[in-house]
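Think of it as A, B, C and D in the order they're written, each chain with its own count starting at 1.
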Amino acid sequence: MAEIIKNEPIANGIYRMSVFGAPLGRAGQFFMLRVPGALDPLLGRPISICEIDADKGETTFVYQPIGRGTAQFAALLPGQQIEAQGPYGNGFPLKGGRTVLIGGGIGTAPMLQLAKELRKSDPARKIDVFLGFREEAYLEKEFESYADNVTRNIGGYVTNDVDFALDATYYACGPSVMLRAAAKAADEANASLFVSLEKHMACGVGACLGCTCQTEHGRKRVCKDGPVFDYREVRDAI
Amino acid sequence: MAEIIKNEPIANGIYRMSVFGAPLGRAGQFFMLRVPGALDPLLGRPISICEIDADKGETTFVYQPIGRGTAQFAALLPGQQIEAQGPYGNGFPLKGGRTVLIGGGIGTAPMLQLAKELRKSDPARKIDVFLGFREEAYLEKEFESYADNVTRNIGGYVTNDVDFALDATYYACGPSVMLRAAAKAADEANASLFVSLEKHMACGVGACLGCTCQTEHGRKRVCKDGPVFDYREVRDAI
Amino acid sequence: MPSNPLKLTLCGISLQNPVIAASGTFGFGHEYAEILDVSRLGGISGKGLTLNGSAGNKGMRVYETPSGMLNSIGLENPGVRHFVTHEADYMRALGPAVIANLGGHCEEDYLEGAHLLNDADIDILELNISCPNVKAGGMAFGMLPETAADITQKVKAVSRHPVMVKLSPNAPDLVAVARACESAGADALSLVNTFLGMAIDVKQKCAVFENVYAGLSGPAILPIALRMVHQVAHAVTIPVVGMGGITSAEDALKFLMAGAVAVQVGTMTFADPKAMLRIIDGLSDYCAQEGLDNLQQIVGIL
Amino acid sequence: MPSNPLKLTLCGISLQNPVIAASGTFGFGHEYAEILDVSRLGGISGKGLTLNGSAGNKGMRVYETPSGMLNSIGLENPGVRHFVTHEADYMRALGPAVIANLGGHCEEDYLEGAHLLNDADIDILELNISCPNVKAGGMAFGMLPETAADITQKVKAVSRHPVMVKLSPNAPDLVAVARACESAGADALSLVNTFLGMAIDVKQKCAVFENVYAGLSGPAILPIALRMVHQVAHAVTIPVVGMGGITSAEDALKFLMAGAVAVQVGTMTFADPKAMLRIIDGLSDYCAQEGLDNLQQIVGIL
């Protein structure tokens, strides 16, 4: 059980929630969040770690209330409790050298903690961040603390802004169309690209087989073996 | 939908919640309260009006978190919404002359608004209040604003403190044992006694027939034809 | 002036929309008429009637379960004669289509009840052969195709009203029962009635209900009810009215897409008395968004 | 030293408590072993196996419903041989009783699978004749008393392990199936598997699941599952293991009072991974409060 410290809109239809007491994870991992007590909604909702403040013991999520579960989250107030099971999933591999981060919509959320960890692991490296939004940008300022460049795109194709021919590691999270475009570009440029996938989940830990997908190395569970994969492995599942 | 103004414990395991925006009722009526959105708990919980502040448009409830629904209420914070359907039920008949109010445990709650209305209807009348609690008293002070005497009993039988032989109207709400004792005493003294009954409810409006009881005048619905009855009518249902 | 996209015809009766209050959850309309504009409903199915009325079951009658409820009302009702003389005209005056729900303990009761209802100005007789809460009650008739067909055919022979048979989800072979009722002349089918369930009071170490088992309704049963409506709608050609846990316009659309021409809403009305009005508004919005001339165009598209 | 009041014997196997992880909801134990002390469980029923393994169903596989979920995993599993060589010993080392859940597409698959499992160090073979998610799959065997008895008897003849037959709540006559399995030699029965349900994506105007229907589990089904366990436990003399929507010690006690000697917990583990540990602690507390030497004293008191 974690305690809600803050829970506020940061853009139209986008909320940021900070909680205290959830075990600390790492970039690319997620929690199954659930309002305690009631049996409906029943299952936890997978929500990525957006930022970790290890000193304060706080984890921040950025989420979009789109259905019953997430709408319930938006109604919570500081001081109330939320069940935060996790951290689950493999997280992003922290590669050395130059890195390019591509986030689309709510997929920008996990990129922030990734930028933070990449920066911490190497204060001198180059980190380029590309953010794509449909209508309104968010988290831009936060990225500026860790990135060298933050490019944002509203209403267009963020992947068009990205040069995939650099000697860099690329990380992407966002809607399928965006990931497919990134994969195509990475193919053409022979780039190294890691993608974070989304699937409907029940358990989040690898037990129910609700989120499996076909990969180059057999069937894998997005929640447990992912959500982050080398895009070449999961080409058919994007 | 009503907005929560206050929601705090006032004794061990007893909460008081004030809401704004619920239609104003009268003493003895109740609301079906429900946390909006989720489908579990599904049904509203019948909770009596404890006090009405007509000027502010506020209704106050006093409740005991004993199960899933009421425990959910206790976790709500000011600013959050609660569905308050009602007011339902007949309410207490406001008789003239001397009155004696008997409340047991959480059954003290509806008596407060009754005292208020009785006092308002006749500033000169005599109002005696008897409150029985198992371990800890609450609402005592509030009753003092309207009553001439407030007698409390902790751990004993509150009905033993009451003289049923007065030329007065008696009102009682509390656990069945208490109501049965009051009915017996009223029988012996030939007193006029109104009791507020409790039954498990689904609709609260008289449509589901989940709360019917056998009365002297045929089957009646506690939610719609009651919850307040002349005790003689519902002797077998107490 | 564009015509009302929600209107439909059920058993030759014109309904202004496909949202009907489910039997046993709306009385005869009085109570909710004080709280909401009941004239906006498509129809109202009244509390289940038995020939001579009944005081219903003893003991606990309603019990909440996760996203659902068990009830053991046991058809408490004032009897068919009372309905004919005191309730039918009131219901007619409310505006929505009037459906009388008739249960029975034996064939004679059903037939005499149906006969008496010929004197009432109702639109549809809903033949309840599926109430699980009365011993030797309606559900016995609804479990097997033969008995269901038999009572349907006999009631049809007596009644001047269209007959909609209400099916039990507890029937071993629901589709066979549905087909049998169709062959026996049913004008429409409605389903589902409640699922047989059980509750135990752990503290008291006893069953919560005097009858031990009771009927489960509410959102919890929606996925099973939807599957059953889909199966039945694909097996018969008469209209099917679907129900079971509907809470929203989206839920209602699911039943329509699965093959129901109309829906009934029960338990959700208890939780939110205005649920049916919300659903009607939502269906209107849906037609506008999708550019549908008539909502019936989506019936059975799955 | 007082003995453990939760312990019991099931099919001759000693269990430290009556709380068993339900098949398909706990993998083979690996995943939850990272999160909680799985050694405290009474038993673990592994993911349903088929002879040659399977990639499971395509498309959407899990979908939340009010207080429940539909699944259409379709028995994705690595096959019996893989289980025997790679999983059985791991499960044994975890501590709780080891139950292998075996599904099948045809009689040969079941018998060959049961034969191969003779080489594995398991405690109980749970014969799954009730998976609703595989076409021509296990559920076909579980619908009728004759087919259920036939496969039970044949598997019993092949297997060196005690056989617990897992029943389908979708069987037209569940009690008859239970009796038939008992007569055919089943050592125990477990129920319920999931209820056939349906989900529709209104926006896309299509069924959510490629197989159209899927299996409903979770708290929503508890009242129906409890009724079925009560019915079956009263109809047979072999032990019954109950399940369906259990979330708490109180829920578990309901199934025990209804006649189950042990329970399985599935969906609730997804919502709260530690649910089974809470349940075990709650059952211990209950024995202490009630002064029970052994929890089995309350089995079937209703």
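Quick notes on this structure:
The rule is short, and it goes like this: a contact is a pair of C-beta atoms (placed from the backbone, for glycine too) under 8 Å apart; a residue touches a chain by one contact, two chains touch by 3 or more.
Note that the structure is a prediction, hence the values are computed from the model and not measured.
The chains in contact with chain B and with chain D alike are A, C.
No other two chains have as many C-beta pairs in contact as C-D.
Chain C has its Cα centroid 35 Å from the Cα centroid of chain B. Chain B has its Cα centroid 51 Å from the Cα centroid of chain A. The distance from the centre of chain A to the centre of chain C, with each centre set as the mean of the Cα atoms, comes to 47 Å.
Contacts with at least two other chains are made by residues 66-68, 218-219, 247 of chain C. In chain B, 39-41 are the positions where the chain touches two or more neighbouring chains simultaneously.
Taken as a contact graph, the chains are fully connected, with every chain touching every other chain.
Residue ranges of chain B in contact with chain D, taken from their complex: 39-40. The residues of chain D lying in touch with chain A in their complex are 24-27, 30-32, 34-35, 47, 55-56, 60-64, 66-69, 71, 73, 76, 218-219, 247, 267, 269-273. Contacts from chain C toward chain A in the complex involve residues 66-67, 219. Chain B makes touch with chain A in their complex at residues 35, 37-41, 68, 71-72, 75, 77, 79-81. On chain C, the positions that touch chain D within their shared complex are 65-68, 70, 172-173, 195-200, 202, 205-207, 212-213, 216, 218-224, 226-227, 230, 245, 247, 250, 253-254, 257-258, 298, 301-302.
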